[in-house]
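Have a look at this one.
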Amino acid sequence: MLRLSTPGYSRILQTDHFIMTFGGGEANVSVALANFGLESYYVTRLPKNEIGEAALQSVRRYGVKTDYILRGGERLGIYFLETGASQRPSKVIYDRAGSSVTEMDSSMIDWDAVFADKDWFHWTGITPALGKVPATTLKDACIAAKKAGVKVSCDLNFRSKLWAEKEAQAVMNPLMEYVDVCIANEEDAQRSLGFEAGKTDVEGAHLDEEGYVKLAKALKKTYGFDTVAITLRESFSASMNGWSALLYDNKECRTPQRSTRYEINIVDRVGGGDSFASGLIYGLLTKTNTKDALEFAVAASCLKHTIPGDYNLVSVDEIEKLVTSGGSGRVER
Amino acid sequence: MLRLSTPGYSRILQTDHFIMTFGGGEANVSVALANFGLESYYVTRLPKNEIGEAALQSVRRYGVKTDYILRGGERLGIYFLETGASQRPSKVIYDRAGSSVTEMDSSMIDWDAVFADKDWFHWTGITPALGKVPATTLKDACIAAKKAGVKVSCDLNFRSKLWAEKEAQAVMNPLMEYVDVCIANEEDAQRSLGFEAGKTDVEGAHLDEEGYVKLAKALKKTYGFDTVAITLRESFSASMNGWSALLYDNKECRTPQRSTRYEINIVDRVGGGDSFASGLIYGLLTKTNTKDALEFAVAASCLKHTIPGDYNLVSVDEIEKLVTSGGSGRVER
Amino acid sequence: MLRLSTPGYSRILQTDHFIMTFGGGEANVSVALANFGLESYYVTRLPKNEIGEAALQSVRRYGVKTDYILRGGERLGIYFLETGASQRPSKVIYDRAGSSVTEMDSSMIDWDAVFADKDWFHWTGITPALGKVPATTLKDACIAAKKAGVKVSCDLNFRSKLWAEKEAQAVMNPLMEYVDVCIANEEDAQRSLGFEAGKTDVEGAHLDEEGYVKLAKALKKTYGFDTVAITLRESFSASMNGWSALLYDNKECRTPQRSTRYEINIVDRVGGGDSFASGLIYGLLTKTNTKDALEFAVAASCLKHTIPGDYNLVSVDEIEKLVTSGGSGRVER
Amino acid sequence: MLRLSTPGYSRILQTDHFIMTFGGGEANVSVALANFGLESYYVTRLPKNEIGEAALQSVRRYGVKTDYILRGGERLGIYFLETGASQRPSKVIYDRAGSSVTEMDSSMIDWDAVFADKDWFHWTGITPALGKVPATTLKDACIAAKKAGVKVSCDLNFRSKLWAEKEAQAVMNPLMEYVDVCIANEEDAQRSLGFEAGKTDVEGAHLDEEGYVKLAKALKKTYGFDTVAITLRESFSASMNGWSALLYDNKECRTPQRSTRYEINIVDRVGGGDSFASGLIYGLLTKTNTKDALEFAVAASCLKHTIPGDYNLVSVDEIEKLVTSGGSGRVER
Amino acid sequence: MLRLSTPGYSRILQTDHFIMTFGGGEANVSVALANFGLESYYVTRLPKNEIGEAALQSVRRYGVKTDYILRGGERLGIYFLETGASQRPSKVIYDRAGSSVTEMDSSMIDWDAVFADKDWFHWTGITPALGKVPATTLKDACIAAKKAGVKVSCDLNFRSKLWAEKEAQAVMNPLMEYVDVCIANEEDAQRSLGFEAGKTDVEGAHLDEEGYVKLAKALKKTYGFDTVAITLRESFSASMNGWSALLYDNKECRTPQRSTRYEINIVDRVGGGDSFASGLIYGLLTKTNTKDALEFAVAASCLKHTIPGDYNLVSVDEIEKLVTSGGSGRVER
Amino acid sequence: MLRLSTPGYSRILQTDHFIMTFGGGEANVSVALANFGLESYYVTRLPKNEIGEAALQSVRRYGVKTDYILRGGERLGIYFLETGASQRPSKVIYDRAGSSVTEMDSSMIDWDAVFADKDWFHWTGITPALGKVPATTLKDACIAAKKAGVKVSCDLNFRSKLWAEKEAQAVMNPLMEYVDVCIANEEDAQRSLGFEAGKTDVEGAHLDEEGYVKLAKALKKTYGFDTVAITLRESFSASMNGWSALLYDNKECRTPQRSTRYEINIVDRVGGGDSFASGLIYGLLTKTNTKDALEFAVAASCLKHTIPGDYNLVSVDEIEKLVTSGGSGRVER
C-alpha cells in the first residue's frame, strides 16, 4: 500500500504535504526478513503504473525478491496516516476500494511454483478481510503451502474498518486449519476468532497476564497450533507504550513464557505488529531455542517503534545487541 | 480531487514525498470565480473523512460557498502529477475508481433549489466521463438550470484516459442542447463531438488559425451556441508555450476574434483550461464588450501558468494590469 | 497574528526558514468554536494586503464567519516562536508595533449590528494590553454586548511583555463589570487584577490546590461573576506538563470542582489556554451540566497540546472520546 | 531587513512556509564587498532580540565588520516576497513601520570615528525615504564622510511605496552635493531627482540608448559627479531580462560607455541593482581602468540574478571568468 | 558516489541542507540499462557501512544486479553539487580521496566469472583517473572481457580535476586497444587522447561540425574502433543547451551521421553524457539499424536533462515517443 | 567537521536528504565561548573549497575569530549522524580519512603568535587520535601554550572508532603533563589513560558515585591537575538521560562536589560533552567560585541537549536562569 503521512504531528486538515512511503502487513514482513538476510519473496498484485512501480521498488530496494509480484488492475491501495501524540491517537484512513490485489485470483499465479523449495509462508488477517476474491486466493495459497510442506504463520490482525467481527470469524476460523504459528495481539483472538481474553482492558494500559496465558493455552488446544505468540501492548499514551510478548509451544516454551518488557518512547508504531511477526519468523528459523526467538522478536519490534515508516529497517546485530545489552541509547561512535 | 504532485521536477520513482493540493475542473472554476469576487457555489460529493474535509476547506478557504457540497461515499478521487520540463511532458495518473462523486445521483440534491437566483452553471466534459450515474445527474442539472433561466457553459475537456471518442460523442452530443457557451481546446471538439478542426497538428506547435475559425463557425451553427470559445495552445515544449484564444458570438465578436498571444515560461500548466473558462465567465458577466471578456480570460489564464497548483489565485487587478500594460515582469515594490 | 515558528526544535539563530501559521487569542477561540460546529464570528482589523488576506483565509478555511473583519491599517502583528524542549522554554518574540488592530476604534464598526442575535462574546486580556485605542474599543464592545443581552467571557491572559502589572490592573479591573465568565490561569488573577493565589509557586510544578479554591471564591465574590474557571498547569518541563482546571459557579459547581488531570507529552503548548476557553464556551452552551462543560474544556485543551500551531483542530467526537475513554493512544484503524 | 519569501513560485495565499533570509540595499552591498575580500563595515541599527541578532550574524557570516551596528529600538523591518515568473511580476510587501533604523539619529554614532581611515561610503535612496530622522542622520554621515576625504556613492533607488516623487526630489536633490559616484536605473533619475530619461518605456523591454547617454551627460553636468552609472534592464518577463549598463566619467569613459549585454534566465532578481553597485565600487577601487570596473559590475550583477536571496554570493574569480570567457554554463568539474 | 546537492539553485555557502542521491559514470549507465529492461550488473567496491549500503540499494532499487559489488575499504567517494543557472555554471566538488573503489584490485574479483555469458562491458575515463590501482584493475578487466568475447565500450570522459592531460594520454592511449565502441564529447578526444577536434570553441555554443566529422574519422582509423560516437553540446548557458550527436561505424553510418538536434531547458545536466552512453548501448544491442540506435541515444539523453539526479529514469516508451513524435510537452492524461 | 544528519529520526537507508551543519570537539567549544561573549579563536586547517569556506563561516557566524584557521589540504572530515530514539542509539559514521587537519604540522603555524596574550587553550582527545601528525602538532601547541603561561584544558574524549585503548594510553599519558584542567566522562579516564572508575556500569543508567569520587582524586593526584571534572550521564534511553557532574580542585571544591542533576528529554545529545567543557571554561574564567562554574557548566550542557546540531547556542542569561530558577519550561512571552 501507498502510505501518505503528514509531516511531524500535523493533522491532515492543517498541512499541505505528505510523506510517501509504502507498507502493509505482508510487505512489512517481507522487507524485514530480506533485511535480516533471508531470501524473502513478496506475493502481491500491483498496478502497472508509476505508483505500482514505486511500490515494487520500495521492497526490491531492501532486497525482497519480486519474482511473484503480478502487475495489473486499477490501483494501489492507499492509507493516510496522521501521527498522534500523547492523548491523541494516530489515525489511519483507508482508501483501498478497487485496489489491484483485491482482484487477484488463483488463476493468475502458480502456487505450486511459488512454494517450491520454500520454507515459510506468512499471511495476515487483513488479506481475507479485503473481499471474497482475496479470501479464496488466500485459501488456495494455504492449501498449496501445506502440500509443499511449507510452514504457515498467520498474524490475525483484526481491522474493524474492513469487516465486522461476525464476518471475520466466519472466514478466519476455517483458515486456522492450515496455520502452524498463530500470532495475535491483545484483542485479535477475541475479535477474529471469537475467543475471550479474560477481562483484560484492551484499550488501556492494564494487562491481565493470567488471562493471556489462558488464552494462549486455549488457542493452541482448540486449533492445534505448533506455536502461539501473543503481543502485549500497554498503551499509556500515543507517545509511551509498554511492550512485551508471550510464547507457547511444544519446545522450550511448554509453559507460556513472557518476554522482556520494554518501555518505549514512540516514533512510529504503525508496523509494530509486523515487526514482531518478522522477528519471530527469523528467530524460529535461525535460533536453536524458541525462548531466544521470542526475545529476538520483541527486541526487533521494540526498535521498529523508533523508526518512521512501516518497515523495520534494523539489522540483526542491532537487535541482538538490544537483547544482550539493553537499550541504554549511548551514541555509537 | 486530491492532487499529489512530486516536488520540483522529480519523477514519482525517485522522490519520497508529495505536495498535497486539491483541484479538478469545476473546483478550479469555482475557486477562481470566488477569488474574483463573485458568489460562487461548488456542487459535488465528498467522502465524510478528513480527506473530504480537507478538500472542502480548500475551496472554502478561497471563499467558495459550500452549501451544496454533499458528504458521503467511499473516497475522494486522486490524481498523481509529475511535472515535466522541456521535452518531457507532465504526466497525470488518475486514481478515481469508486470516488464519492461517481455515485452522486439526482435523488441526493434538489436542483431547483441549487439554481434558484443563480446566473450561471458551468460544467466540464470530465463529469459525464466518470460514468453513467454522473452523466445522468449532469443531464438533470442541465435541465433544471435551463428551467431556472440560468446560463450554461461547458468546457468540452476530452480525457482519453477516461473514455473512448465514440463513447464520448454519444454522451456529449445530446448534452450540447443545454449549452449556451461552449469552450474547447484544439482537439476537444474533434474528439468529444466528432468535429474536424481542419488539418491542425494538435500535438505540436503549429497552428492553423484558419481551421479554428471554421471550426468555431461550424460549432456555433450546428448546436446554436450563443458563444464559442477556442483556446489555442502552441506546445513548443513542457517549459514554453504560446497561448491565445478565439471568440465567436452574436455580439462584439460576430466574426471570430483572436486574442492577444502570450509566450509563457510555464510553472504549472494543469488547470490552464479551467482558468480560461473562469476568466471568460467572469468577463461575460461583468464586461460590456465580449472582446474584453476574451482578453480578460486569456490574460487570467496566462497568469495561471505561473502559479503552482490547479487553482488560479490571481486577482482581477493583476489580470487587468496584464491586459492593459503587458507582462514586463518588473518587481512591484 | 502571523506566527512564524522555526522547524523542529531549532533556535532562530540556527535555521533559515519559518513555518507560517496564524493565531492569537480571539482567533484561536473563534476557529475552535467554528470547528466544533457553532456559528462563530471573528471581529478584528487586518491590513489590506496579501498577509492580511492570508490571515483572513486562515480562519475562513475552518468555517469562521468573516463578516466583521475590517480591512485597513499598516500591518499585521507578528510573533516569532522558538519551540522549547525539556529545560529550555519556548520563546515568543512579539512584533506588533503599529498593527492594524491597534488602530481599530468603535467608529469603524457597528457594535449593535455585531451583537444582534448573538449568544456569546469572548475577549482576552491581550486586547486592552495593546494600547488605549483597543482598550476603549473593547469597552464599547462590552457595553454593546451587555445591552444586547449577550453573555461575556474574558480570559485574563496577562502578558508581561505588553504591559506592567499596575497598568494592567488599572485597565482590567473596571472591565470586569461586564464579564459573566472569568477564565484565568495560575498567575493571571494576581497579575491582571491584583489578586493573590495563596503561596503557589507558579513557575514550577507544585500546585497549591487549596489556594486556587480560595482564589476562585474570592474572584467570584468580588466581581460577581457567574462562573470562574482556573486552569492549573504543572510545568515539569517544556516537554511534559500536568494539566487540569477548576470550575466554580451557581449551578453544578457550587463548590469549586477540580477536573480530571492529564499528563501531557507536549507537541505545541501555544494556544493551550485558548483551547480551554473555547472548550468551556462550547460546553457551557451545549451541555446540561457545568461539570461536563469543565471536563470537555480540559480534554479539548489536553488534545490541543498534541497539535502544531495555535488552532485547536480536534473534533467534538475526539474530545468526547477522551472524556469517556481516556487517552490510551491506540491507533484508530 | 528580514526577507520572508515563499518557496518556489508559490503565492503567499497558498503556501504555509517562508524562507528566511536577510537583505536590503546597504546590507547587500556590504556583504558583496566583504565577500570580494575588501574590509567592509555595515552601519545600521538592529533590535536587541533574536531577530536582530540573526540579521547581524547574516552579514558577519560573510565577513562584514559589525563594529558600527547599533542595537536597540523595537523591531527589524520586514519584507515579504513572492517570486514571480513569466508574465507575473515578483511582489514585495513592505512591513517596516517602526523599525529600529528609522529611529537611529546621529547622537547614537560617532561619524568621525566611523569614517576614520576608510575609503568609501555607499548609501541608497531607500534610507532617506524611511523618514525625517534617517534622512537627517544620512546627511550628517555624508558631511562627515566628505570631511574625512571618503569617496561617496549613492544608488538613487526610488521606491514608490515609500514616498512620492515630489517628496523624494525635495530630499534627494540637496544630498547630491556630497555624492561622487551616482548610480541609477532607468527610472530613478526621473523619479528621485526630476530628470527626464528621454522617451524610454521603462516598464517594457525597449531601450532608448540615445536617451540614456543624454541622461548620463545631464546628470554629470548638473551635479558635478565624478562618475555616473546607469543600469539598463530590458524586462521581457519576470523570467527573462536583458542586462547591461552605461558608465560616464573623467577617466577611461569620457564618452559614455555601454557594457557587454547579458540575456539572463532569472532565478532571483531582488538585489540585482545592489550587486551592480557593489561590483562597481569594487571595480573602481581595484581596477586601473574604469571600463574594466564597469564590465566587472555588470558581470557581478548578471551572476547575482542566478542566486536565491538578496546577497551576491559570487567570488571575484567567478566574475572575472564571466568577463573574459562568457557564460557558457559548462559544468566545472 | 554519494551526491550531495543543494536545493534549488542555492549555493553551498547559503543553504543548510543537501539532497542525497547517488551517481557516477558506471552507476548511471548500469541503472539506465536495468531501467530499460536489460540485465545489468554494476561492478564496484563499496564500504561496509550504511552509506555503502544506501549506495548499493540505490542501484538495486532500479533493478541493477549487485552480485559483483564488493564490500570493504574506508569510504564512499562523494561529490558536492551546486546547480547553476543562466551564466552561472554548475559546480562539482570532488571528495574521493581514499574511497573504497580506489583500492579495489584484481585479486578481489574473478573477472572471468564476471564476464561469463555477458554481452557488453562499459567503462569511463574516470576510473583510470582515480589512481594506479584502479587503472591496473581496469586493464585486467578489459583483457578478461576481450578474452570472453564481450564487446567493450568506453566513454573517454576527461576530468581535469582528476588528472593532467599528459598523464591521461599516457594511460588512456594503451587502453584503446581493447575498445570497440568509443564515446567522446567535444573535448574528450583532444584532452584524453591528444587528438585535435579542429578549431572548435568547446567552451561556447559554436559548433564546427566539419571538424567533428574529421575527428570521428581520425579516431576510428587510428584505433580501429568499430564505432565512434561524439556528443555535440552547444552550451548557450547553464539553463539552455543544444544537444545532438554524431555516429560513425561500419554499418548504417559509414559516413558520419548527425542526429536530430534538441534545444533543452535544463533541469539537471549531470549524468547527461552517461545517459547518452547507456542509450547507445541499448540501441546497439536492440536496434537493427545503427542510425536508430543513435537517435535513441540522443533522445534518451535529451530527456535525462529534464530529471533531477544522475540517473536517467525514463522508460524506453518515453524515449521512442520523443524520437517518433517530438517533444511537444503536452500533458499526458 | 561537516555533519550530515538525517531528518527527524530517519535512518540513513530510508531518507533522501541530509541536514548540513558543522561541528567537532574544538569547533563546538570555540563557538560556545564566542557565543558567551569571550574572545575565542579556533585553530584548525580547512580545505580551500566551498565546503571548507562554509565550515569557516559556520564558526565566524557565531563570532569565533578565524585568524588562525589555515586553508589547504584535500578535504574536510565528515560525520554522518542518525539520531536515535528510545532503545535505538544514535549512530555516528566517521569519514575523515585524509582530511586537511590530519596533515597540519607545526611548520604551518606560529604557535608563539597564536598564544600571545591568550588565557586559555582547550583541546580534546580526538585530535591526537587522528594520527601521528596531529598528535605531534598538538604536543608542540601544548609546549608553546605552557611557555606563554596559558592555561590548558583537555577533554579526554576517547573514541573507539579512532584508536585502540593501548595506543590511546601511550599517546595521551605523556600529554597530561601540560594539562591544568582535565575533563572526562564516565569511561574516558579508563580507556584513554588506563584508570579504573570502580565497577560502574558505564553502558547503563546506574551510577557508582563513590567510584567517581575516587577516580577524581586519583586523577588529580597522579597527574597534578589543578582541576578534575567528570560528567555523569545516566543513559536510560536515547530519549531520556540523567545529567550531572563532579568537580575537584584546590579552591572551593577541595572535596569533590556533585552538581545539580537534570533529567533531560533529549533533542540532540551530540556535542553534549563539549557544551560542558565550554561551560566550565567560561565558568572558571568568570566566576569567583568554582562550585558556581560547575553549576554553570552542567546547566549549559543540559540546555545543549535540547538544541539540534553540535553547537550550544544558548546565552549566558538562559543558563543563569536555569541555574537559579530551574527548568520549568514556561513559555517566555
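Letters are used for the chains, namely A, B, C, D, E and F, taken in the order the chains are written, and counting of residues starts over at 1 for each.
Note that in this section a contact is a pair of C-beta atoms (placed from the backbone, for glycine too) under 8 Å apart; a residue touches a chain by one contact, two chains touch by 3 or more.
Treat the numbers as computed from the prediction; the structure is a model and nothing was measured.
The chains touching chain B as well as chain D are A, C, E, F. Counting every residue number used by either copy at the chain B-chain C contact, over half are found in both chains.
Interface comparison, C-E versus A-F: the higher count of C-beta contacts falls to A-F.
Separating the centre of chain A from that of chain E, both taken as means of CA atoms, is a distance of 43 Å.
Separation between the centroids of chain A and chain D, computed from CA atoms only, is 62 Å. Counting only residues that touch two or more partner chains, chain E has 8, 11, 13, 15-16, 21, 57, 62, 91.
Taken as a graph of touching chains, this assembly is complete, with every chain in contact with every other. Listed in rising order, the residues of chain A touching chain E in the complex are 57, 60-63. Looking at the complex, you find that chain A touches chain C at residues 8-11, 13-14, 79, 84-92, 94, 159-161, 203-205, 235-241, 269-270. Across the complex, chain C is touched by residues 15-16 of chain E.
Chain D makes touch with chain E in their complex at residues 8, 21, 62, 262, 264-267, 299, 302-303, 305-309, 311, 313-314, 318, 322, 325-333. Of all residues in chain D, those touching chain C in their complex are 4, 11-13, 15-21, 49-51, 53-54, 57, 74-75, 78, 80, 82, 91, 93, 95, 97-98.
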